[in-house]
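Shared between the two complexes below is subunit A, which pairs with subunit B and subunit C, respectively.
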Partner chain A sequence: MKPRTVSFTQRGFDFETFMWFFTRVSALVMYALALTGLVGALIMGARTQMNLADLMRWVFTPNVTHVQNTNVPDLAPWTTSFWKLVASAFVFFATSHGLHGLLSVIEDYLTLPWLRRTLRILVLLLTLFMIFVGVYLIWTS
Partner chain B sequence: MEVTLKIFRYNPEKDKKPSYKTYKLEAVETDRVLDLLEKVKGYQDGTLSFRRSCAHGICGSDAMRINGMNRLACKTLVRDVGTRITVEPILGLRVIKDLIVDMEPFFDNYKKVMPWFINNDPPPEKERLQSPEARLRFDDTTKCILCACCTTSCPSFWGSDEYLGPAAFVNAHRFIFDDRDQAAAERLKIVNEVMGVSRCHTVFNCTLACPREIQITKAIGELKMALVTGVLS
Partner chain C sequence: MGLSRNVSLWQGLKYQGQGPMLTFILHRIGGLGIVVFVSVHLLASYFGGEVGIFLNSVYEHWAFQLVVFFCALFHAINGLRIVILDLWPKLIEHQREAIWIEWAVFLPLYAMCVLVILRTALSG
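Our next item is the complex of A and B:
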């Protein structure tokens, strides 16, 4: 028997449901990014050149400022565009994931429509601002 | 044994604010909380108001908060809750009197998902056949008795009664996954709306509260997956 399906146009697009899905996926993506940072760091010699705390800082944002104070002899492999891209992706997913969580809390507890709308816009602006600042710092540091 | 029954009392026509009244009565451990309420109403205080009908856990009219948990009074034994029992109306709906709440917002949300069979093909001579496997797909959600234990235990519903709520999702699930029904797309659209499934934060209160032991949060999860993938079977 062929499976019953409902096409995308039939079931409609809803921003909230999309964000629900995005929140799940972004969590998985962040695991993948963290794993990339961890494996990459170990390959680049972190096992003998870094302590655990520094390694963890690198794993959650693979930015070169997190390796500067360690015993890594050559910073060059840690500053490639690849790592900047990974760090930027991390900033994007972590910020949008976290601030959407904040938005859910706000919408669950606030019932005044105008206050909801105002905070909604505020959270959106905050998200864009934080992503911009984060990415800017990564590419200019 | 002696049981102490503390009951939420409120008559909006007379009382400025709600209060609790305590009643002491003799009971055995296999008495149901509904029996105790009947005893209080019959022998101690005729002004006590509550809904009940079947007294056998099938009409869904006596949902109330018993020691803080949403339950049916007719399915809750003294043995299960102890000898000090607090009874309050379910949360998130306006109290009409004592344990009776205004169920209209609850049923309004229920109606929004079109909880009836829709199939515009001409009916066959005898019946619309369905395989046992296809019937099993939505078996769990056919058991709902619309008692509102789930919806009124849900924090998202307390926040806004426009949130469709678990009972509406359960009944949407019952028809969306029925392969004889033809309105799955329309219903999915409805549960996809702003105050729809995305407001469910998987708190599991509803599943814990359901007296029919329906796996509500799982059903909601299946609706979410259907929205993402479009696959129903």
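Our next item is the complex of A and C:
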């Protein structure tokens, strides 16, 4: 069966359509950020100074607290603004991707309008709060 | 009036959609697992204290790591399949094969992680 395609104008474009697209693009962005962290860690000497678990922790969010308990002798290259920016971007994309996913699951199972509206606002507030907490932790640690 | 749903949650869970349904439900469970894990991890670091230390000791337990690695790896690999099929819709004709490829990528990777986690745990 051939897939049908509907033109962009016929399809309409609203917030949820944007988030559908954003969810997919942010997944690719997170793959790119993880790859950046992986290559960067290997350049900075992870091959001999870290084990697999420590490396994966760093890859998921390149924050300096993730390498404090490893055999890395000098933390300076791991604490640059570049890595803090990469980690902040990771927090932003992961939080907005993940909490919108939570909203999708909620709205798949709950049908009461007032409950959906309340939870939608709660999830939005939670998203903003978690991004704040994550970025705060990255820039102060 | 809310949205009308003809299917209850229980009926939905009993739906036998085979391979694609299995990836769908595991993607949800994995995604929710990551949301809970990352949120609690951030809050534990933010508020710190004894609760934070206790939560960190839970994270470091091998059984917990097996679950987290399953969630994260499955969600990431299945998510990549979804992104590829959604952004290049012509590939949807090969969706069954895509799921087989996905398992072929996921199972060896996860098995390797299980091996490393258990070997580290057992050597103590």
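Going forward, the second predicted complex is superposed on the first by the 128 of 141 C-alpha atoms of A that agree within 3 Å, B and C clash if a C-alpha of one lies under 4 Å from a C-alpha of the other, contacts with A are read in each partner's own complex, and residues count from 1 in each chain.
By definition in this document, a residue touches a chain if its C-beta (ideal position, glycine included) is under 8 Å from a C-beta of that chain, and two chains touch if they have at least 3 such contacts.
Since the structure is predicted, the reported quantities are computational estimates derived from the model, not experimental observations.
Student: A:D14 in the overlay: touching subunit B, subunit C, both, or neither? Say first, second, both or neither.
Tutor: So A:D14 only meets subunit B here.
Student: Which partner chains sit in contact with A:Y109 here, subunit B, subunit C, both or neither? Use first/second/both/neither.
Tutor: After superposition on chain A, A:Y109 lies in contact with both partners, subunit B and subunit C.
Student: Tell me the contact category for A:T5 with respect to subunit B and subunit C: first, second, both or neither.
Tutor: It touches subunit B and subunit C both.
Student: Taking the superposition as given, does A:R47 touch the first partner, subunit B, the second, subunit C, both, or neither?
Tutor: After superposition on chain A, A:R47 lies in contact with neither partner.
Student: Counting residues of subunit A touched by each partner, does subunit B or subunit C come out ahead?
Tutor: C
Student: Identify the residues of subunit A that lie in both the subunit B contact region and the subunit C contact region.
Tutor: 1, 3, 5, 109, 111
Student: Can you list the residues on subunit C that touch subunit A in the complex?
Tutor: Subunit C residues touching subunit A: 1-5, 9, 28, 31-32, 34-35, 38-39, 42-43, 45-46, 65, 72, 76, 79-80, 82-83, 86-87, 89-90, 92-93, 116-117, 120.
Student: Quick check on the complex: what are the subunit A residues that touch subunit C?
Tutor: By the definition above, subunit A touches subunit C via 1, 3, 5, 24, 27-28, 31, 52-53, 60, 65, 94-95, 98-99, 101-102, 105, 109, 111-113, 130, 133-134, 136-137.
Student: Over in the complex, which subunit A residues touch subunit B? Could you list them?
Tutor: 1, 3-8, 10-12, 14, 16-17, 19-21, 104, 107-109, 111
Student: Inside the complex, what are the residues of subunit B that reach subunit A?
Tutor: 155-156, 159-160, 179, 184-185, 188-189, 192-194, 196-199, 201, 224, 226-228, 230-233
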